[in-house]
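What follows is a single structure, and I will ask about it in a moment.
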Amino acid sequence: MTVQQFSPTEASPTPTKSTAGTRHNFPLDMWYVAALSSELTDKPLGRTLLNEPVVLFRTADGAVNALEDRCCHRFLPLSAGTLEDNGVRCGYHGLLFNGDGKVIEIPGQEKVPSRAKVQRYVVKEQDALIWIWFGNEVNSEPTCEPPHYPVHNNPAYHYSGDVFHYNAPYQLVHDNLLDLSHLGYVHLKTIGGNASIHMNAQMDVTQDGNSVKVVRHMLNSTPPPTYSAAYPFSGKIDRWQEIVFHPSHLEIWTGAVEQGSEPVDSPDRGGFHMRGFHGLTPETDESCFYLWTMASNPTQNVEDTMKKVFDQTAFTFDEDKVVIEAQYENMKRFNGKKMIDIHVDVGANRARRIIESLKQA
Amino acid sequence: MTVQQFSPTEASPTPTKSTAGTRHNFPLDMWYVAALSSELTDKPLGRTLLNEPVVLFRTADGAVNALEDRCCHRFLPLSAGTLEDNGVRCGYHGLLFNGDGKVIEIPGQEKVPSRAKVQRYVVKEQDALIWIWFGNEVNSEPTCEPPHYPVHNNPAYHYSGDVFHYNAPYQLVHDNLLDLSHLGYVHLKTIGGNASIHMNAQMDVTQDGNSVKVVRHMLNSTPPPTYSAAYPFSGKIDRWQEIVFHPSHLEIWTGAVEQGSEPVDSPDRGGFHMRGFHGLTPETDESCFYLWTMASNPTQNVEDTMKKVFDQTAFTFDEDKVVIEAQYENMKRFNGKKMIDIHVDVGANRARRIIESLKQA
Amino acid sequence: MTVQQFSPTEASPTPTKSTAGTRHNFPLDMWYVAALSSELTDKPLGRTLLNEPVVLFRTADGAVNALEDRCCHRFLPLSAGTLEDNGVRCGYHGLLFNGDGKVIEIPGQEKVPSRAKVQRYVVKEQDALIWIWFGNEVNSEPTCEPPHYPVHNNPAYHYSGDVFHYNAPYQLVHDNLLDLSHLGYVHLKTIGGNASIHMNAQMDVTQDGNSVKVVRHMLNSTPPPTYSAAYPFSGKIDRWQEIVFHPSHLEIWTGAVEQGSEPVDSPDRGGFHMRGFHGLTPETDESCFYLWTMASNPTQNVEDTMKKVFDQTAFTFDEDKVVIEAQYENMKRFNGKKMIDIHVDVGANRARRIIESLKQA
């Protein structure tokens, strides 16, 4: 009995209803963060990205692979299967797929038909991040290298991270991160501090190609809880926030030195540092993944301090998640009404124009 | 940096999908119950009414205010914000709205643009109830005063209440309350009693303008559990049920005297009284709020008796909720089939005609 | 007050939205399993079958009845009502329906209008199963008898069963049961065993009218956990699997004898037997009920062995449920993509053609 005699058009089950959107709702000729390297262990990882269900897995040679998350036989997600040295095996009838998406074994059947394969995605692991390329055309090759993030290799820093899921479009998280003035209202318990100092902080916004940089300095301010918990400040501090937006992620370098001790705009400044990587990748048109790491530079009680930094960062992002998801639900309820902008939106609005122009391209 | 340079049309996020209905699915030139006075404390109250998300809050002067439940900046619900003496402050970037819906402060920005405002609703607090006016036109002024409910100010009575949410259109609750014959089948544990006595009770239905009155007397009947629990009846009782429907609420005065002791149709009758206020306000086309109070006239063990009356009333309404929500789910499953009416529906059907005529108006 | 004066067209509530599909999405001139006899006790049973909400109940004479699951008055499901000797009474206003769907009492109303009735379905109880007939026309009479299942009356066997709900179309369960090769990947903990033996087992597929028979023999194999738990095998075993598909249900007779002890294809074979009845009845286009019994032939520790057989069978079907529901969710995500078939699909695909042809008829 061979497959030809039982072609799907005749009798095999056919899906009846779609819940999927399309990747074409997002810029495509660019790299997105698919996962943290630490996520790929002994199980395949299923994750919908840009409306496309993807399975990510590491083969015995250490290579990272990404395929459509379906078996080409009866469509069980491959992420429900098991890993083998040279691929992922479906958990229903045992078809074995290699990293190229080709079926290399159909248990009990000699011939493997050439059409027994699924879509493969180009992925690249770099700086402890897994980057994925979609492209406008299926199977199109990347036109550039994924961005570098040297902080993950910088011996001066320790870091850890996590992946959060937001029921909101990814651009609402861009807005949130490009405007840290909300710290004074949303994050009083951790990295907030005095609201009016935040809202009145002098803000410098510059653009360089598809990147936007927002710099804010808050001199002579009171250290917020997270800062005091992580660093032995004796009194008032001079704070800096340097936010760099890229279409696939943001780099946010915040920190503080003892008030008046040294310039806060020097790259060699000392004091307490928090360097955040914020990968934002659409899951669907209405949801996204927030793949983040937070690095700091403790010199003593490293483990203890890093735990504090991680816990308070996670707590902070949970506060943002509540606000952003409530905002999006309300945007849908008030669909059609116009928003008004205020002084803090300049960075966020430039980022939106960049995404818009990349979609046009 | 001023808002004009970053108009929403250019770059700010725009909602993509609507989940809202419209207030025009309901009669609009009338007052609805928005809340019980006791609900407005130190937090803003978010509640969707007639398909419109509203935030209700009390300012330091004691005045009750109602606004669209969104910040005009990035649409976080104002009900997620915090109360200040003269308004509600958004929990995202701290915009402060006064009771008229005008933004009176944008932290860190000198100029407050004139379009920084949201819709305000006319509300009036009276008899411990908060009434709201929608009107056919936005900002239309009320053409009448809200209904009075003197029982809440009557020293002969004690009362307490609560707000229930029903996943069913509000008119199904009208039907339920205008036909108390269901007590014999749904509420045997509390205010029910013998089913056939209920179904055979002589019923008198009269209409006066947009009000419908249903009066039923059940003479020489056995006191139901709630009655026995709240009042020392020695034997059989003569029961009355007086239901008055208004488009915004129902008044239900039920009670009983010792069998044969005095006429049950006298306004000065003694015995045990339960006087219910039943505000019914649509949330959406398919859901509603049931804002109720129950008053009684205990002369001894007041607190204990009132607790019994409240608990058993709440228990009873929970029984109704189960029935009404199951009924509505089934109405949707059997969409298109015709209902048949029986003798007890006369009051309910008149109420439906009144709502229908108000919608036409 | 009589019903004529308050016709539903004037004022009574009318459903506004449909969630129901239609029975015409399925073959209709055939019997389906509606319930296990053991399910019909002292309460009415509400169950949506072929997109139609049905209430099943047993009257005092022991007869099984099936009606539309709605009161014709205000559409409360009759399954929320109570059973009486001669019918089911609605839990809202007490209308009493007999087994023909006719209202035989409206409490408090003398006249029962002739249109006070609901749809009745033809049901037949046989071999401890309740069968229901839908038919292309409403009220059409069955053109045949329901299938017999003598195992339930065979003194050599003990059996028990249960009803599972799957969030997947019923034909995906047909596929699953007609291809037991998945045992080696999905059911390792119970009835699985060596995967390659399963995938390489010689398979014989035959068709007889609207029935498909799949026979597989696995000689000289290791007893899987369930077999060892239920029967004292001393070593290797010869296994058989005989699957017979009918449009309404499958009969699966599996078992094993000591390796080499006797032919596995003899109807009088001894050893350990598991005889499964697998009724599959659509609930909606996207969900189904799986009504099953499992019979075995223990000669000692009957109760203990039957408990093991039942528990491990239920555990196994739960494993299938996880796979099949994940498969269906993924089919919807990948709607439009073609499936490819492999050698094990021959039986399943024939069953699909039979269902297809019955739908055309």
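General observations
First chain written, first letter: the chains are A, B and C, and each begins at residue 1.
Everything that follows uses one rule, which is that a residue touches a chain if its C-beta (ideal position, glycine included) is under 8 Å from a C-beta of that chain, and two chains touch if they have at least 3 such contacts.
In UniProt terms, the chains line up like this: A, B, C = Vanillate O-demethylase monooxygenase subunit.
Since this is a predicted model, take the numbers as computed values, not measurements.
The angle of the rotation carrying subunit A onto subunit B, fitted on C-alpha atoms and rounded to the nearest 5, is 120°. Subunit B and subunit C touch with mostly distinct residues; of the residue numbers seen at this interface, under half occur in both copies. Subunit B and subunit C have CA centres that are 45 Å apart.
The set of subunit A residues touching two or more other chains is empty. In the complex of the two chains, the subunit A residues touching subunit B come out as 169, 171-172, 175, 179, 181-182, 184-186, 195-196, 198-201, 203, 285-286, 323, 326-327, 330-346, 348-350, 352-353, 356.
Here subunit C touches subunit B in the complex through residues 1-3, 5-20, 48, 53, 68-70, 72-77, 80, 90-95, 106-109, 113, 115-116, going by the rule given at the top.
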